[in-house]
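Structure incoming, see below.
Which chain is which? They are A, B and C, in the order written, and residues in each are numbered from 1.
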Amino acid sequence: MQNLITIREISETQLRNYLSLSFQIKKNPEQFSQKLKGKNILLFFVENSTRTKLSFENAVKKLGGNIVSFAGGSSSMSKGESLLDTVQTIQQYGLDALVMRHSSSGTIDWLSKASQLPAINAGDGQHEHPTQALLDVFTLMEHWNISADQPNPLQGKKVMIVGDIFHSRVARSNIHALTKLGAEVTLVAPKTLLPSDLSLFPKVNVLHRWDTEEGKERLAEADAVMMLRLQLERQKSAFFPTAAEYRHFWGLTRERELLLKPSAVILHPGPVNHGVEMDTEVVSSKKSLILKQVENGVWARMAAFVGVLK
Amino acid sequence: MQNLITIREISETQLRNYLSLSFQIKKNPEQFSQKLKGKNILLFFVENSTRTKLSFENAVKKLGGNIVSFAGGSSSMSKGESLLDTVQTIQQYGLDALVMRHSSSGTIDWLSKASQLPAINAGDGQHEHPTQALLDVFTLMEHWNISADQPNPLQGKKVMIVGDIFHSRVARSNIHALTKLGAEVTLVAPKTLLPSDLSLFPKVNVLHRWDTEEGKERLAEADAVMMLRLQLERQKSAFFPTAAEYRHFWGLTRERELLLKPSAVILHPGPVNHGVEMDTEVVSSKKSLILKQVENGVWARMAAFVGVLK
Amino acid sequence: MQNLITIREISETQLRNYLSLSFQIKKNPEQFSQKLKGKNILLFFVENSTRTKLSFENAVKKLGGNIVSFAGGSSSMSKGESLLDTVQTIQQYGLDALVMRHSSSGTIDWLSKASQLPAINAGDGQHEHPTQALLDVFTLMEHWNISADQPNPLQGKKVMIVGDIFHSRVARSNIHALTKLGAEVTLVAPKTLLPSDLSLFPKVNVLHRWDTEEGKERLAEADAVMMLRLQLERQKSAFFPTAAEYRHFWGLTRERELLLKPSAVILHPGPVNHGVEMDTEVVSSKKSLILKQVENGVWARMAAFVGVLK
């Protein structure tokens, strides 16, 4: 039994295998259309999600599998049923793998072991979101026409990850994926939105604001800028002052976009807060790969299933 | 690309084409059973609905199409994702048309243009609900054995629309449909539940209450009475005093039903507030076409798809 | 038209017929795989449920039928649509049977008559939950290798039902099923969680607590112990003092499990409150048939459909 719970704990080779698979599947999806034939995949989303759930559903369908959908809120979960009891109940009707989103870090890992089901993490708390990192890195490599077959494929590439690093599982998974593949990563965030102990991370650069000379220079050098979604509800906890101020210091405004190299690209996991972390003109600019990310999510998730269930 | 957003903006000929199609489809549904083969139809219901959603689902199924269902509440919409971002995300997996219900008038029109998807309005705020008007008029013409092939098919028919005209998209779409087809329409409503400026409407008669000599005479002449659902929560805003008083002045009671011609028919878009706008005996009386409306909703919506996607 | 609304009102022969069918279906499910071909089964769950709904869904699928799913909360029910109007609306698209869960006792019986649809009760208030009793008794008979073909098949068997008898539809249906089949039933519950008038029940024994000499003797004689789920929210109403105290007096602790005969078995309808009505070690002990109950739920519900729609 295999899992995809974290990017941190898989080897560079395993990571490149998932990426190679993504390329193969996108090139020739027909070849994989029966890979999950007769398999039941539980999509267990205890936390809300539009994009990720839809993307996993499409991946299962394209592989010929059956979806068993289970949303925490509308069920006995509200009667206090334990997660394991729920999964074991559903297991009685036949299950081959578990895809889970949950607000607590580590839940998916524990549940996969307890239920003895292969599992794919669809986002657990502030921990990791490995398939998002797969699709992001896949999108970059495809755009740059870089193969996943050689070690260190992203060497020499400069990638900025901007925003609420502290609370972001997307950032954590991407930091691990990008550094494993050789990219140079710079985090851009106010101190309140950075982890206090960065030594737990791989080697990354840190920049506290964009409106300095250094900030502008780094922006001009970047090959890719990965924006994070700002959780506006965090403003209440005083992590940042106002949405307008956040935009001023850390938003990818139209002005900042113009500082980027012509060849630079922009990513965002969606949904975007227009006019906060990103101006609307930037969302739909030529540099934006956002809709490409959505499309590639399906291929990367198909690769995750094929890798985990092989 | 075609749309069905309003009845007001389509021509009489287009309206009769939708009705002709409804007759054809009901007569020979097998002939249309592959019309949406391989097409993905997004049912995007941001506002609650039982009847309308179920009816659209059945229409898509009978035409051989695939349903992609998306409910605002249980998804990232609660994270503030914009409507267009949502539709564009889903579009990445392939979409051929959009059916939408939303609480704001005009949203569907804007979204159809922005996403470049053919769209059918399943009710937008207080604006229009065109497929409800199609099915209502279709039900009347079928009952009266009137063909949609000749202009002015409802000439000479007297139809009353009764209740909360002001807030009703069902009323708006029906006023346009009925008058375009030549019927004589009388609105029955208290002043507080009528639009202040009726000049925006086609020519209609207005009656403020039923318990006058004029009210009784009109009732005796009507060929059809179209009751509207009372939104009981509006009582708080003092649009009307109490449910009992509403019934007394504007409800279709058993007593009033007896004043109707034997051949007159009664419609209601459902769900009925029993004992408020309509007595239970009237709901199930021989004059009531309510269950026929539900059945015809599927044929009329199939016609909407065939018309829009042809 | 037939129904399965209560165990109390069916004869011992009818009950054994449902059980015989369960054995036959489990032995040879293929033989029944087309029994609901072309039939539409409405699953109308106005009260939340994970296990029961999933089990019914699986039963319908294994019989080749179509599921029409309708959850009270997410629909027009919130606009005050009446249950009958809802069912009649859906009936317009074709319905062959109704499975319903509702918080009010008797609703399903009334709705089945009003809509003239064959109906299976999936739990109505504190009244009955007949398919749970079927699956529980089926699980016991299968474990004991007892056929359903002879009258009085459970004669000589001692079964304890433990916990909140007063509020439990599971207990009511099981008391009727077990006594009809000849078992000797003992209820174990505090006075506050027993009906005040036990004369409405078949002949049962009553024990108020387990920590007496009599309690221990009865425990040592039991062939099966059927634990009920404690509704923890009832504590507020002072039916019992605290969860810990409940466990002390009426919980199936590891210590009490050791007092049971080696051949005794333990049932629970799920989901278990671990550490309240049952210790976690007991849930997963060899005596526990809990996961077997989940599995058998599908066969018993298939038998319910076959029996009702034959």
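One rule holds for everything that comes next: contacts are C-beta pairs under 8 Å (C-beta built on N, C-alpha and C of every residue); 3 or more make two chains touch, one makes a residue touch a chain.
Note that the coordinates shown come from a computational prediction; the quantities given were computed from them, not determined experimentally.
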- Message: Only C-alpha atoms count here: how many degrees separate chain A from chain C in terms of the superposing rotation, rounded to the nearest 5?
- Response: 120
- Query: Looking at chain B with chain C, do both copies bring the same residues to the contact (over half shared) or different ones?
  - Reply: different
- Message: Rounded to a whole Å, what is the gap between the Cα centroids of chain B and chain C?
- Response: 43
- Residues of chain A whose C-beta touches two or more other chains: 74
- Task: Write out the stretch or stretches of chain B touching chain C in their complex.
- Result: 48-51, 54, 58, 71, 73-74, 232, 270-274, 291, 294-295, 298
- Query: In their complex, what parts of chain A are in touch with chain C?
  - Reply: 70, 74-82, 85-86, 88-90, 92-93
